[in-house]
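Chain lettering (A, B, C and D) follows the sequence in which the chains are written, and residue indices restart at 1 in each chain.
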Amino acid sequence: MTRDLLVQLLAQGAQMSFVLLIAPLAVGVVRRVKARLMRRQGPPLLQAYLDLAKLLRKESVVAESASWLFRSAPYLIFALTWVAAALVPSFASGLMFNWAADVVALVALLGAARALLALAGMDVGTSFGGIGSSREMMIATLAEPAMMLIVLTLAIAAGTTRLAGVADFFIAEPFAVRVSLALSLIALIIVALAENARIPVDNPATHLELTMVHEAMVLEYSGRHLALIEAASHLKLVLYLSLLICLFAPFGMAPATAGLYGWAIGLVAWIAKLLGSAALLGVWEVSIAKMRVFRLPDFVGIAFVFGFLAILLAFLTRGVLA
Amino acid sequence: MSGVALGALAVAAFLAALTRGPALALVYPVSALAAITLGVVDLRVLLTGADVAARLPIGLPGIGLHLRLDSLSAFFGIVINGGVLAASVYGMGFDRAKELTPRVEPLFPLFAAAMNLVVIADDAYAFLFSWELMSLASWALVVARHTDPESRRAAHLYLVMAAIGTAALLFAFGGLAGPAGGYAFDTVRAHPPQPMVAALVLVAALIGCGSKGGLIPLHAWLPLAHPAAPSHVSALMSGVMTKVAIYGFVRIAFDLLGPPVWWWALPPIILGAMTAVLGLLYAVLDRDLKRVLAYSTIENVGVIFVALGLALAFSANGQPEGAAVAMAAALLHVLNHSWFKSLLFLGAGAVLHATGRRDLDGLGGLIHRMPRTAAFFLVGALAISALPPLNGFVSEWLLFQAVIAAPALPQAALHFASPAIGAMLALAAALAAACFVRVYGTAFLGRPRSAEAAGAHEVPLAQQLAMGGLALLCILGGLMGSVLAVALAPVLDQLVGGGLPGTDSGPTLFSLVAFDPARSVYDAPIIALFVAIASLTTLVVVHRLSERRTRRGPAWDCGFPDPSPATQYTASSFAQPLRRVYGAVAFTARETVEMPAPGDTRPARFSVVVVDHLWRAFYAAPGRAVLGLSERLNVLQFLTIRRYLVLMFAALIILLSIAAVMT
Amino acid sequence: MIQAYQLVVLLPYAAALMLVAIPGYRVGAIANVIASAATFAAGFWLVTGEYRVGDYAIVDEFNIVFIGINTLVGFTAALFSASYIGHEIETGRLSPGFVRFYHAMFQAMMGSMNLALVANNIGLMWVGLELATLITVVMVGLYRTPQSIEAAWKYFILASVGISLAFFGTILIYLAGQPALGEGVPAMTWSLLQAAAARMDPGILDLAFIFLLIGYGTKVGLAPLHAWLPDAHAEGPTPVSAVLSGLLLNVALYALLRFKMLVAGQPAALDPGPIMVVMGLVSLIFAAFMLYQRRDIKRLFAYSSIEHMGLIVFAFGMGGPLANFAGLLHMAMHSLTKSGIFFAVGHIAQAKGTQRIAEIKGLTVTHPRLAVAFALAVLAICGMPPFGVFTSEFLILTTTFAREPWLALLPAFGLLVGFGALLMRLQDTLFGEPVGPAHRVDASSVPMVLHLLLVLAAGIFLPPVLVAWFERAAELLG
Amino acid sequence: MNQAYEVSHLLAGAMLVTSFALLYQERIAAVLNAFAAQSITLALSVAWAAWSDNRPDLFITALIALTLKGIVIPVALHRTVARLGIHREVEKVVGVGVALMVGLALTGLAQALVVKVATGTASHAREELALALAIVLLGFLMMIVRRNAVTQVVGFMSMENGLILAATGARGMPLVVEVSVAFSVLISLFVFAVFVFRIRERFDTVDLEALDRMRGDSR
């Protein structure tokens, strides 16, 4: 019995470390694809790792008016995001840790991280921190209802809100591509773009004061704190990508009972799909420009509408309407 | 019977504390002691499930005054006495000479006693007697700062709304008791009213308890009255009195009205969801710290009414386990809200005590000057925003599980409502997070925006103790959510006949299970443990790998740091995006920027117009109508004697012609 | 041997005659208090004695309570007026000449009211009420200011018309009773009329009840007939206003209810319920709206009396044992609370030297004890627990909703509108920065506190004996 | 027996005619004379009722009606009008025609109400009651359609005449004498107040509207 527990623990530890290690790579792929599409050489794939290493070595400058919250927030944010990422089934579903929380708890963990980041942004008492925090919270109020509708659709389809359960359901019948699931896929993509501050919502590469949202909050961070914040945002990106993969393209993922061999296949499939979706994200970011802040309600509104439509169609198809 | 005796002791202690003069300082220790005694009695009844009943010969002739402490009352008793204990401990922090006045101190125990009495009342007369006494005592407390016309107007609106609520409850109990006047709850349970009357009773109860709790559109008095009272009293009013209102609705809808009909669920759900969203939109746009907290109370009451509505829907469709989840969500939210709202109001009181200012735009940087209050306020803020490891998330999670299970309900109206309700609740959760990030950010973080904020000092130890205790409860409540849910089993069984799956069914002892483990589990301790381990390991690893030196320097601020604190984001600027997105819809919020002509050195003017339609439609309009009508009627006071004789003659002739025609 | 009921009526008249002879004010006041105390003792003896039905006097469950309240409030009013009028003379608002016959009139008024309550003969009751009204007309004009003369003149004309209509009603009752009870005194005695109610002529009975409703209704102060009440209360001296509001309205309503018992006994006659319900509601809602515009504190509480009388008539109009019981309880509670309020208003008028609400501010700062008593009294009249008015309003509204759900909205609406106004005025006077003079108040506060304690006691515990009386009377009322 | 009824019915009818006469007059002196006529007719009717039912106490009422209301009060009012120089015309709120029409309607109403009364009571008592009711209503009407204080006093007194007529019509009703005495005290108080009130306050117009400027509670 203990041997089995040991294996489970090992698998869970492996999953968490894989997620952590691959995150910067995914971001590297996105930047590389964007650069090549713009016919630029682009930074090397491992550039994100080098940045993190550089930041770790640099000394951290903290503003006088900053409080203990400012210095402790990065560690908490990184931990919350890392645990959330661990919850999402990557190469195998049904790992030891995933019964601890379901999708609602996952969204809430990310909400906690976001709130702490917003508070840290306002701690130093500069106007840019305020801009970042207020816009971040506004975007959150737009994204959360859509996320809730997506969760509702999954619950209606799979009958459970535990990610492992949903993944098993989709593994069992991978090609049940119903219209409602397609719609909620689009909704989840839009929500992911909003949450990760990607192009149409916010430009990750910019430092133009009036447009940035995520960058404004972390403006005052430097050194090891900035490294942690960067790592957390990379982890969050990988989390959403693996969430998309797990829910909507689960082929190759090892079921809970598969042995070592199953996991290996699952791992390979997962890494391939992850880097593929990162590339797709790069293509998407090149093909669209950043929107003005107050056009975001309409953009994220699309996600809400699709989410609601998904549920109505789910009712229809499941004949619940009787 | 010991329970009742203890109860009587506590009430006597309360009343004994009504003395004047130097004994004023005695009020808070006595109230704390009484609260502990009553809390213990409630706990014993809740755990053992043995009801304690008594019948006093006073009250209505022939019926007497019935008192009963069953598990529902015991649960709400614990909520009340927890709040009273916290407020009393906070009260002990007031220094004897300056801050004790005969206008506040003697009324505090009376208010607490009235609330306890409401919960143990077992007949209509005792219920309304103590309900109205509670309103009266809190009115007197709200009008304690009587020199300020604002608090006088708030007190007036408050007691008039309370009277309207009591009138509605009078109708509800009138319908329940029937013409024969069977006011005791046992006789009411013996023969529930017919459907038509039951519907009227439910609507009346919703108006009566909704107005006291703050449901839209009967909410407008709450954000005026609660902040006007002294802080520890507004903590009691917001954290605890609104829960007594919810107790009233639960007692009538679930206990006295007999088996529910499915459409009974619609009004609470719709009103609750609207209250949740609108309450927070008010909160996000308001600039007064205590008023923001009052608006957020309205939001939480809305969320609780949605949960109660869902419980009604599930039990009407014969699904006790769904009803149990929804009711558990409601009751846990009652408990959690009473903890973190009291904590936040006590925190606001501490800020008011330290800086003398309540407007958010005048505070800032308090985390450096009031570190412990800031820490406790942070715990309260994160808890009320329903963020994971803390207790707010436990009830929110249960509620979402109930909403997610709602599509399984047969009636079309309910099961189309569930996605809309889910979306509105999620919106409310996000708005709550935004609102409290704004409050905490502007009040505690950043740099002080006024001299008072700069000169703030930490509050006395007793007040820190009160806040600390509540913060601890919020953390424990978050981790031990499943233990609390199981403790609720007798209450759930009494109300909806079902119960949550036991703790043994979940993977670990502390995992909270909604329907069954395969469907959804939330294991707070494990998550908290993993977050702690993760952050510690990163701390150790990062410190070993990286430079440990940290240098303090001026804020970067994109290269041109500005020393004046005015450049910081204030409460209204933080709310500007939300006002643009949501305000235009709910309050026709319009921002006008008046730029001077080119070459003109006049500064540009920025003005925001926020129109509160609910206030205009439900309060301003009726008020004007009553005054207008009374003006027109006033003519009748100044007629000549002959015209009065004409009135008398007309009355005589009308009656005579009626008599002539009738028989 | 002298019977209690004879004592209750003759004692005040004898005292009145004696007081006419006493010139001095001081001695007169003391004599007045002693006489009222004696009447109260007689009243107490009567209340605790057994019922008896003579051909001219009657003591039954119905009028025993009112005699008790009448003598009690009479005593407390005398106690209050002794110190109040003394102060008025010192401050020069009343010259000793005006007050010459004040005490004599006071005792005569009390005697006539007791006569009306105890009389078994409807003619005697009419005489009692008429005398009481005329005496109060003269007492209202006591201050001899143009306003008080105008108020007295208006009161005199309206009351006289009311009296004559009531007399016409009394004749009609006699005519209706004649075929059943024969000619002479029997056809005018309550007990016989009540017994023979079923055999009386329904046609004349309806006519009679309408005239009596308008005639005595004028003195009860129901809406279209209320015009005299606000000015009479505001311009007369405060003890008179207290007695007017507390007792005279009740005695007139007592007479009206006696006749309602008669009509209830004759099923063929027109059912008086709906008429009383309508008039009660009109008074309740009309007075509630008028409260908002009042500038004078005594007129404010005069309109509050009209409002409560409307509610009581509404309760009796609804009928049924529980509603009648609530109506009787409300009558008793209203008279005690309202006279208590007028005593408090008397104190305030002396403390602030004015009756205009705008000039009374910050009472809780200048006179804390008076302010608390006044606040409790006003909250009691608004129907707040723990006072007795809450119990009766609780019963009235719940029984009305149980029988006619939609009808119950109207009285609740009236009470809420009235409550809004009273609370607004209460807060204006109690709170805020004190304005104007703050004289020492030397009128005795014993009556006010006594009334508050009685209403508080009734709110918490109703003695079974009182409950039995009310229930018995409630059945009679039908 | 019915011969006695015929006379009392005739006298009651005469009183009703005088009530209409009151409404018809233009000048105050004429109003007072019409009122004196009505009182004298009342005295005759009460005396006739006393004689025919051999109830001697009614003679006192008849005497009071004759002396006080028939003679003393009209003369006193005549002198008051002369001494105070109150202008002679009757200030009308409603034209004479309308007043008479309303009077007729009231009489019709009185008849309709009384005709419903079961025949149990003696029939002649019903007619007498109907006439008395009509006189009371007309007296009340007089008070409200004329503005002068004197006409109001006359209206009130004519209403009181109707009452005394009804009281005497009710066979064997005790207390009639005492009540008529009480009423006459009331009326004299009325006239006395009008008399004293007028002279000391020196009001030129007797119109009651002028009285109201001295209100306690201003608008």
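One rule holds in what follows: contacts are C-beta pairs under 8 Å (C-beta built on N, C-alpha and C of every residue); 3 or more make two chains touch, one makes a residue touch a chain.
Every value quoted in this text rests on a predicted model; they were computed, and no experiment measured them.
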| item | value |
| --- | --- |
| Pair exhibiting more inter-chain C-beta contacts, B-C or C-D | B-C |
| Where subunit B and subunit C are represented by their mean Cα positions, the distance between them in whole Å | 44 |
| Inter-chain centre distance, subunit C versus subunit D - centres from mean C-alpha coordinates, in Å | 31 |
| Geometric centre distance via CA averages, subunit C-subunit A, whole Å | 78 |
| Between subunit D and subunit B, distance of the C-alpha-averaged centres to the nearest whole Å | 69 |
| Subunit D: positions in contact with at least two other chains | 113, 116, 140, 143, 152, 211-212, 215, 217 |
| Set of subunit A residues in contact with two or more other chains | none |
| Where subunit B touches two or more other chains, by residue | 634, 637, 641, 645, 652, 656, 659, 663 |
| Chain pairs that touch, as defined at the top of this document | A-B, B-C, B-D, C-D |
| Contacting residues of subunit A [partner subunit B, same complex] | 56-67, 69, 71, 75-76, 78-80, 82-83, 86, 97, 99-102, 104-105, 108-109, 111-112, 114-115, 118-119, 122-131, 133-135, 137-138, 140-145, 147-149, 151-152, 155-156, 159-162, 165, 207, 209, 219-220, 222-224, 227-228, 293-294, 297, 304, 307-308, 311, 315, 320-321 |
| Contact footprint of subunit D on subunit C as seen in their complex | 121, 123-124, 126-127, 130, 134, 146-151, 153, 156-157, 160-161, 163-165, 167-168, 171-172, 174-175, 178-179, 182-185, 187-188, 201-204, 207, 230-231, 234-235, 294-296, 299 |
| Sites on subunit D touched by subunit B in the complex | 93, 106, 109, 112-113, 116, 140-141, 143-144, 147, 152, 208-209, 211-212, 215, 217, 219 |
| Complex contacts: residues of subunit D adjacent to subunit C | 113-114, 116-118, 120-121, 125, 129, 133, 136, 140, 143, 152, 156, 159-160, 162-163, 166-167, 170-175, 178-179, 182-183, 186, 189-190, 193, 197, 211-212, 214-218 |
| Subunit B - residues contacting subunit C, complex | 57-62, 102-103, 124-125, 128-130, 132-133, 136, 143, 146-147, 149, 152, 155-156, 159-160, 163-164, 167, 170-171, 173-175, 177-179, 181, 183, 197, 200, 626-627, 629-631, 633-634, 636-637, 639, 641, 644-645, 647-648, 650-652, 655-656, 658-659, 662-663 |
